[in-house]
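Chain naming follows the written order as A, B, C and D, and within any one chain the residues start at number 1.
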Amino acid sequence: GAATGKKSAVDPTLDWAIATNPPSLFSAFYFGTEGSMMFSLTTHHILQPGVFGQPTTGPEAAVSSWKAVTPTKYVYRVKPGIRFSDGTTLTAADVAFSLNVHRNKKTGSKMFSFFSNVRSVGAKGNTVTVLLFKPDSKWQFTPAASPALVYSKADYAKKGAAFGTPSGLPVGTGPYKWVEYAPNSRVVLERNTFWKGVKYPWDRIVFSLIPDANARLLAVQSGQIDGTFAIPGNDIPLWVKAPNMKFGSFNSGGWRGFSIDVEDGPFKDVNVRRAIAYSLDKASITEGLTSSRGQVLEGLPPLLFIRGLLPKAEVDAALKKVPTYPYSVDKAKAELAKSAYPKGFSTTLNVPNGCVPCLLLAQVLQQGTSKIGINVKLNMMPGPQRFQVILDHKPNLGLQVLGQGPDSPHPMDKPDLLYRSERAAPGFENSANYKNAQVDKWIDESLASSDLKVAARNALKIMTVVNRDVPYIPIFSIPGAFAVKPGWGFKSSLGPFYYNQMWLSHLVAK
Amino acid sequence: MLPESPPQEATPAEGAAERKRRRWLARYVARRLLILIPLVFLVSVAAFTLTHAAPGGPIATLLENAPTSPEQIEAIKEKYKLGDPLPVQYWDWISGVAQGDFGRSILTNETVLNEITSRLWVTLSLNIAGIALAILVGVPLGVLAALRRGRFLDRALVTISVFFMSTPVFALGLFALYLFGFRAGLFPLFGPGEGLVDRIHHLALPAIVLGLAGMGFTMRLTRAAMLEQFDMDYVAFARARGLGSFHVTSRYAFRNALIPVTTAAGLLFTGLLTGSVLVETVFGLPGLGTLLVSAVTGGDFTMVQGLLLFIAAWIILVNIAVDVLYVFIDPRVEFDKARG
Amino acid sequence: MATRDSSLLDVRGLELEVVAGAMRKTLVAGVDLRLERGETIAIVGESGSGKSLSARAIVGLLPTGVVARAGQVIFDGRDMLQESPREVARVRGSSISMIFQDPFTMLNPLLRCSKHIEEVLKIRVDNPITNRAEARREALARLVEVGITDPTAADRYPFQLSGGMRQRVGLAAALAGDPAVLIADEPSTALDVTTQAEILDLLKDVQQKRGMGLILITHDLRVAFSVAHRVYVLYAGSLVEVSTSAALEHEPLHPYTLGLLLSEPAADRRLDRLVAIDGSVPGPDEVAERCSFASRCEWVTDACLAGKPTLSTLEGERETACVRIGEIRSEMSAAHLGAKRLVVVTPLEHRTRDENAILRATGVSKVFVGRAGNEVHALRNVSIEVGLNESVGLVGESGSGKTTFGRCVVGLETATSGMIDVGGIRSEDYSTLTREQRTAIRKTVQIVFQDPYSSLDRTETVGAALREALVVNGFPRDGVKRRIAELLELVGLPAGYARRRPAALSGGERQRVSIARTLVVEPKLIVCDEPVSALDVSVQAQILNLFRDLKDEFGLSYLFVTHDLAVVRQVADRVYVLYQGAVVEEGPTEQVLDRPQHDYTRRLIASIPRSAV
Amino acid sequence: MVAPASDATTTKWFVRRISLRRVPPIFMTMSVIVVGLIVFLAIFGSLIEPNDPFQQDLLDTSAPPSPEHWLGTDPLGRDILSRIIAGADSAIIGPFIVAFTGLLAGSGFGILSGYMGGTADMVIQRLVDFMFALPGLLIAIVIVGVVGGGYWLAVLVLSILNVAGGVRLIRGAALEQRALPYVEAARTLGVPRWRIMYLHIWRNISPIVFANAALDFALALVALSSLSYLGLGSQPGEAEWGRMLSENQSLLFSNPAGVLAPALAIVFFATSVTIIGDWIYDRFSYGGRTGR
């Protein structure tokens, strides 16, 4: 681990704790916030994500300008003079390559599906041209997200299969460069001498792996670690109370809750689904599991991005029309009475072991529904197996406990994933098998139009429609959290996509 | 522990006997080593079928928490040859193994072999330290208890051993972590450490926990074996001939007591191996144990298969080593073995 | 006692008890021993009388839990019981040494033979030999002294040697410290008859050569007489008589000793009835306040029960604990002489070809195949015949195949080749027999085993054991209870014993029960595998008598397996002598024992211990 | 040995050698009290639980010990003390099944194999020796983890792997008995085989069998709790001591008593059962005594 003992503020080394061993330093194989958080320090994204992930051409963007020539043709102009840590210069070819590498089946990239609508990516001179099959306003965000980290084509060719492994540290364009990668203990960064932008106070950044949450907490409290983002949702109550450290939380834009297969047995009956919705005391669940750092969700998608796009008054007005299911056992019973199962029934809920928040949420559900006679048997299974069930849409979807972060700030991000009729099929994640032509139309319309306000408004309409049918029961928004040593903090509050941003620039150390 | 080497003026006949014994030993070891092959093969089949019998599959693992699409699933099937029929897959895997290629971890994309070798030292040092503790402390204490048979010290030691024997390692670990790591602050609470000294510091507590668990066993076993010995005629006869109590205890009782204790060594090894899974989990150490657990719970099948093979080989080799050691300790073994 | 102070070893009023928690049990109640330089004394007594413990007390090697309650063990002026353990340890080996009964457990299995001697040479008090080579040379010399001339034996491990060899090595090791006193605890009991004699001779001769004091512990008066100058007779933890061997053999002065002598089955002539001491040995505590033998003594009066008699000295250094010796002495000697004069029973003339022989075995061979394929030829072409109501002895040293043959007959082993005919049924291979045939054979032949302690199921009562035997053999359930009583009656046990468990029975009683069990099926032939060799002499006689009575009463036939020629003489009409699995001689008992033809038989007979005088 | 306590299948082969030799009465009484108490809790626990062990209180999660929650609450606000009490039964049932199957199969195959000998014996022996060398818990971890089965799968796996030790031990004992005259006498008297095997021999070796079963029980308890500590086997939310440890581990430093109490329960229970087993063996076994 980290250097032990207390350290003075002028320490040129930043000790940051991570919770999971980084499987690779090549983003293709490391899709996750912790990875992106590190990548963002060593590598430019094509575009610089704003607080809400909106694409900008700021100092940390690899391109100086971009525009959608047509709804299916995007052109990006690469900045001159950006140097990799090996001294070579970033070219349009590199940028194109960085996108194509994920599209290449041989790579087996985890971000393949970001490009399912991409016809081609080409480079000419200092411009990169992306052609889409059909208009997709979601695309604009992709260059500002993890799929858009820029790599050196030559470097990749040179390192081949070893690229991203300890023996093949990629070269990057960011303020820092990889110097050590020990998958089971730590990752070390040092200054990239070719970096031209602002210099941050730390010469060296050490990401120490501390898998055990307790140990992490103690490490921060004891000052062995300067800070960490790795705070398990279920432990937040613990960390909030913990002394000699500073805890902060923010809205991660993610949601936690359940999906209900509208085509499966008792759940076909909308009254049953509503009964379940009523039976859950969202407020106290949020209090208990997140110490109210998360926000109670009455519907999907989370409002975070929509509020960013529309005036408050308009949103609130729209929300009035959205049906909600405030906690009430009586209402729940009443709903159930209307259904074909007035006495209730039994069902099983698959729980991915390893996901503690899911487990807790599942148990809460168990308790809630038991009050109205629906008894839920929890069925632990390895995470992947559970995920396979969702992908296969079999054996039985029934209830599923879900937790998702935002893939993009587009208002249709989750609706597209969860509500689309054609996605109620094997290989997709519409685990409620929700089908609604009207909703599909709104989604398509939103994606087609380049005006996000349209999407935002449609999202509110969709929420209204969907909430009647209750295919999903969101409980709370997943709080993002950080802990740093006393006196430290972040200038501006972190946004949902902090990990794709130069988060270091907000960190203030005394 | 070796039986006395034949004295200088050994007659040719004796020399021949010794040579014969050595030849026999060599053949014996060779025979035992041959068993390795079919056993490991069995294990490989078992491991493969187990992992592939499990619902779900690598694909899910590969996709987990990344947005998905049918094309992507196709891509992965292609990359990991998941389309092929099982026998073919098995053949690909096992023939790879034969050439030392255990495949790549599905979770981390690192080669299984690298993962194992990079974490081996943790588990290995834990086990070696644990075994050392279990033997170097447990055996003498066992002897001591036997010598003080029925007295307070004996009772105390026996209690301790029963306690350690029936205490789950993870519970022991948690106690230790809380008391010595957190309360007393004597030991670091996480991680394997950097550099030799630091590493020793980091691994000390888990190793001790593991060792204590083993110690209860060795101690009890030694005590019982020693007590058995003290009832033996030859021990009394040795005393009757005026041999000092130390001599009698060490050369008569102890050396004979070693025989059952040695047989237990194999069990001790496998036991501690299992124990280290729990200890590593408690102390959050990047060893084979945690690797196995994460592979199992994370559905990292290539890793599980690789680990199972590795562990099987480990256990079999240890058992063989014990058998051989046994031959050196007990001259009668050769004859028994000759009888079957 | 003028000589007392000068004597080499002097044990006075030794009392031993075992302490387990609150309960304390006396094991030895007052033993006095005196050993002069160059003298051999014997401690004689039945098993459990406290011989071994007394001996162990002398060398300070009492088993855990056993302690000396009172007494002194004085060796050159010091009381060993008072000395510190390390002092006693110093004395041990170099001044007083000891060898044990069982050669198979006496040596360290992990040490080569010579080492056992060398290590003593290295540590002995006077001129220890530290040089390795020298010590080894000395060790080899010592082995020669005990008759092991083959130098390769020195480097063998104990398990590679025969019992006799081991006992010799043990002796050499015990003598390595050149002790002034050697205690030998039943040194020959576990060995073959022939080897027994050798070991005893060896002891005698070593003792004479070295002029050391020897304490021989034995349960066999004959052995005692043959080796010792003086004999101490121990009964129920206390001495009943002390005397020179000659005098004692000529005239025992304690009823118990007399009883022992009389119940010794004589090897040289056949008595038509053995004199047995009925009852069994009491525990020391039961007889703390009276003559320990009173319960079994035919001359008992109130005087004997008044208090614990102590040894009183008579003429010629003879000591006896019998208070009535004055009054009964003449009666006793009369009885003694009477026994000597008992007529020899004329043997029933021996039918060569018995038409209705109950057992006819011809050319039986048995080969045991070890797992690695090594063969042991336990029986080689053995032909044995047992006539109706005939008792046939089967003698031979250990390993000669006696037991194996017996087991083949009852079907516990299957002969490799040859023919066995039991009551007209070919039974060499049980697996081929029909259910009826098996039942028939079972009802014809049964077996009694050697070890009385394991031949009954500890967990069930005598009654249950008999009941099971009866029921499985189709005896009507209603009659069972009565039948059990009868059977016990037959073997001389009160019916009440049916409720007892084996643990509550003495060795003799257990053996009676196992005999009763065989009688359940009213067999015609009983195979007796050393049925008395685990019993004390006094009890032995009872059982032998019982066998005879049953034979006469039911016209039983016996196949009597034993290594004890005296026993054979008493029970067998005809004898087969087995040697290494083959019959080497066969004939009427007298003929074989008195005019042996085969020289192995001669050796056997020569090995019977005879008094030194 | 169990190997160390972590491994369920291996150690008890040594029960014979290992047994304490004269268990001190104090231990015995204490052990009986502990076991009695836990059995009592398993039966009547629901009556004396201060709170409903499954009642969540999301507004009072991870609370430190207090008058209403003596051992505090877990991350879902459930009363830890009540959960420990409620955990007693699952601490008994699973281990009991494992021990009992071990006892039955052990006696069944062990005596058969030891008494009959021949090829059956050969096969059984080979099989048993192989299984005996396996690290049972490790295998249980893999199987239960990969297949994703629950508590009962864990119990099943352990029961199967556990049989080996029993068979091996009992076979040895039966082999000894078989050679004894009382058995041969029964054979020559025509007592049926099964009766000899399962009446006489079994009765004579029963102390070993029971001592072994006790040890099985303790080791199974340890193994099962180890499994659920790793999140395998027992169901989430179930009041199971091992699982409670892992579910509450995050509270280790804020509420040590609450986290470690279940561990203590396991330790005491396992230790007591082991001691009782030893006592049974010492008290009732006929073999291995001084004198006769």
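By definition in this document, contacts are C-beta pairs under 8 Å (C-beta built on N, C-alpha and C of every residue); 3 or more make two chains touch, one makes a residue touch a chain.
As the structure is a computational prediction, the values presented were derived from the model and not from experiment.
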{"item": "Contact-richer chain pair (by C-beta pairs counted) among C-D and B-C", "value": "B-C"}
{"item": "Inter-chain centre distance, subunit C versus subunit D - centres from mean C-alpha coordinates, in Å", "value": "47"}
{"item": "Separation of mean Cα positions, subunit C and subunit B [Å, integer]", "value": "51"}
{"item": "Chain centre separation in whole Å, for subunit C relative to subunit A (CA means)", "value": "90"}
{"item": "Geometric centre distance via CA averages, subunit D-subunit A, whole Å", "value": "46"}
{"item": "Subunit B residues counted as touching two or more neighbouring chains", "value": "54-55, 150, 182, 296-297, 299"}
{"item": "Sites on subunit C at which at least two other chains make contact", "value": "none"}
{"item": "Touching two or more other chains - residue numbers and ranges from subunit A", "value": "214, 218, 353-354, 381-382, 385"}
{"item": "Inter-chain touch pairs (all)", "value": "A-B, A-D, B-C, B-D, C-D"}
{"item": "Subunit B partner contacts - residues on subunit C that touch it in the complex", "value": "56, 59, 61, 64, 85, 89-94, 97-100, 102, 105-112, 115-116, 119-120, 123-125, 132-133, 136, 151-152, 155, 157, 159, 170, 173-174, 176-177, 370-372, 374"}
{"item": "List of subunit D residues in touch with subunit A within their complex", "value": "54-59, 61-62, 75-77, 145-146, 148, 150, 231-232, 235-237, 249-254"}
{"item": "Complex contact set, residues of subunit A against subunit D", "value": "213-214, 217-218, 234-235, 237-238, 241, 281, 284-285, 287-289, 351, 353-354, 359-360, 362-364, 366-367, 378-382, 385"}
{"item": "Touching residues (chain side subunit C, partner subunit D) in the complex", "value": "63, 407, 410-412, 438-439, 442, 446-447, 449-451, 453-460, 468-469, 472-473, 514, 517, 520-521"}
{"item": "Subunit B to subunit D touching residues, read off their complex", "value": "50-51, 53-55, 134, 150, 155, 158-159, 162-171, 174-175, 177-178, 182, 210, 213-214, 216-217, 220-221, 224-225, 227-228, 231, 260, 264, 266-268, 270-275, 277-278, 281, 292-293, 296-297, 299, 301, 304, 308, 311, 315-316, 319"}
